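Structure first, commentary second.
By written order: A, B and C. Residues from 1 in each chain.
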């Protein structure tokens, strides 16, 4: 197998890599965004949410994936029998914990005064949050979210440990495992491929985010 | 043997800053052909409109910024020649910054001791004693173990002065020592400078504290748009400056500072 | 469900695995700190070529998964050099190199926060640039950076779970081995997960204490904590 053939095989893994990262990112938003606002504005649940964050930022993703896939998979093949689901699920939960932190920082950065100003024109607390804080928080978080997404692309490689999913990392190892057992090119190519995917996202999202922040005065 | 402590000859210095439009850069001529001689015991004060380049000139004297053209002499030594050990030269010059710039991670005592130990290579006890003496001289000895963030601006600036004088430098350069302080705190710093002046310290100050200038400065230098416009004793400026620009400036200043 | 914990063989494995995990983490963070400092200074004071090299280095280690970097270290490098190298040595090395890429960012940021004014102050008392870096800039930069360091510790610990898949016996390997014998899949991973959690929580608490004691009164880098 020469370099070009390997490259083609690896490129076939890109869609799966991207799918895992996109879905877990969206799951992360769905979890992290509400959690952040709840943690800031409803103090009673703050402790519980803090616990969630600690667990999913403290336990390695590999451990969680192994647990869900091999532990729950046999009993609940739908959905835990699917490597794709387990990977996206675990990474989504982890991303939710990370993003909760990011949005909390953004809420602090935007400033409570904005919400209070909203209430002064007649909005209730939560409507004020929805109409005034939420858009600003999103803008403020864009740089942090960029790096979170890049992180998810890289962590999608973990799905290798539960096997069977032909994304970039798994394919590169398969290439090494077949004759002529090339241990050099597949991994280097895989690394370059990941870099090509993550670099623009992290870089441009960062710049776009900082520009937008500036224009609305954050 | 040089008869002067420091001399600046035909110094020229520009710097670039961001322009008003995006991507634009402005070249500011901060120092345009400025020459100045300071003799032992002199107390000279440079004053003038803000942004005229006074601070830049002072930093050039201390070789904290390197002049584009011209020479700076510290005694016999020409500092602007290549190959000169600037660190040794700067060890003989004391500098006090407008924004103080104390070493944040050290106490007041630590701030003064650091150069004594690392530059003058004094042993621990000697360095400590000299540091305490310097702090006592500026009357902040009770702050010795405090960190910069725990002091008032006036106390911090006095520590800055102690840090500058502890090495017994040939000259002390002060860049607007009171400008960044709240008005109530400037008094203590001015008192300290007055004491230093009484002891015969050679000082070159950039400041617009006019009352202090009147009392302490022997010679005042009016600096505007990169050049020295007029030089003379305080009495000249406070009564009848020769140049129009100096006249304009003095009227504005005297009207503002009614103390 | 958890009876296997009583079995000495199993908890010996756990201790063995935990030891390696901790060793790699500590080594990685410290090598990362030293190398990261050098990279940060190189980025601030170096010329175009040096900065270019540093940019490539950082982009490589931050842009690709550590998992892939580990495989490159363990399989690709020996293949290229055509010699046998201990997997342990290569793994330790790659974690240090990876961490350095991240720490360079934190350190450069914290150095630049204090650089301009503190360097001017250091020069003004006659110290050389190097002396100022050593006695004024770096002491402040390291203290400011402690919160990010905590983050790096946690991140690194979690990443060490990959070494199980290049043949090293870490905590995950211990879990895999135990699971193979006892077939108690979920309990085993719960225990392993809790051990990681305990380690990370412990380290975080210690770093918080260190930060409280070492921080410069009045200075905190504004971090999203």
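Here, contacts are C-beta pairs under 8 Å (C-beta built on N, C-alpha and C of every residue); 3 or more make two chains touch, one makes a residue touch a chain.
Just so we're clear, the structure is a prediction, and the values are computed from it rather than from any experiment.
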Per Cα centroids, the chain farthest from chain B: A
Highest-count interface - the chain pair sharing the most C-beta contacts: A-C
Between chain A and chain B, centroid-to-centroid distance (C-alpha), Å: 54
Interchain centroid distance [CA atoms averaged], chain B/chain C, Å: 45
Intercentroid distance (Cα basis), chain C paired with chain A, Å: 21
Chain A residues counted as touching two or more neighbouring chains: none
Residue numbers on chain C that touch chain A, as the complex places them: 59-60, 63-69, 71-72, 75-76, 78-80, 154, 157-162, 164-165, 172, 175-176, 179, 185-186, 189-190, 192-193, 196-197, 200-201, 224-225
In the complex, chain B residues that touch chain C: 62, 64, 87-88, 90-95, 97, 99, 101-105, 114-115, 118-119, 147-150, 163-164, 167
Residue ranges of chain C touching chain B (in the complex, touch as defined): 114, 117-118, 120-128, 131, 135-136, 139-140, 143, 216-219
Residues on chain A engaged by chain C in the complex (per definition of touch): 54-55, 57-64, 66-67, 70-72, 101-102, 104-106, 144, 150, 154-158, 160-161, 169, 172-173, 176, 183-184, 187-188, 190-192, 194-195, 198-199, 202
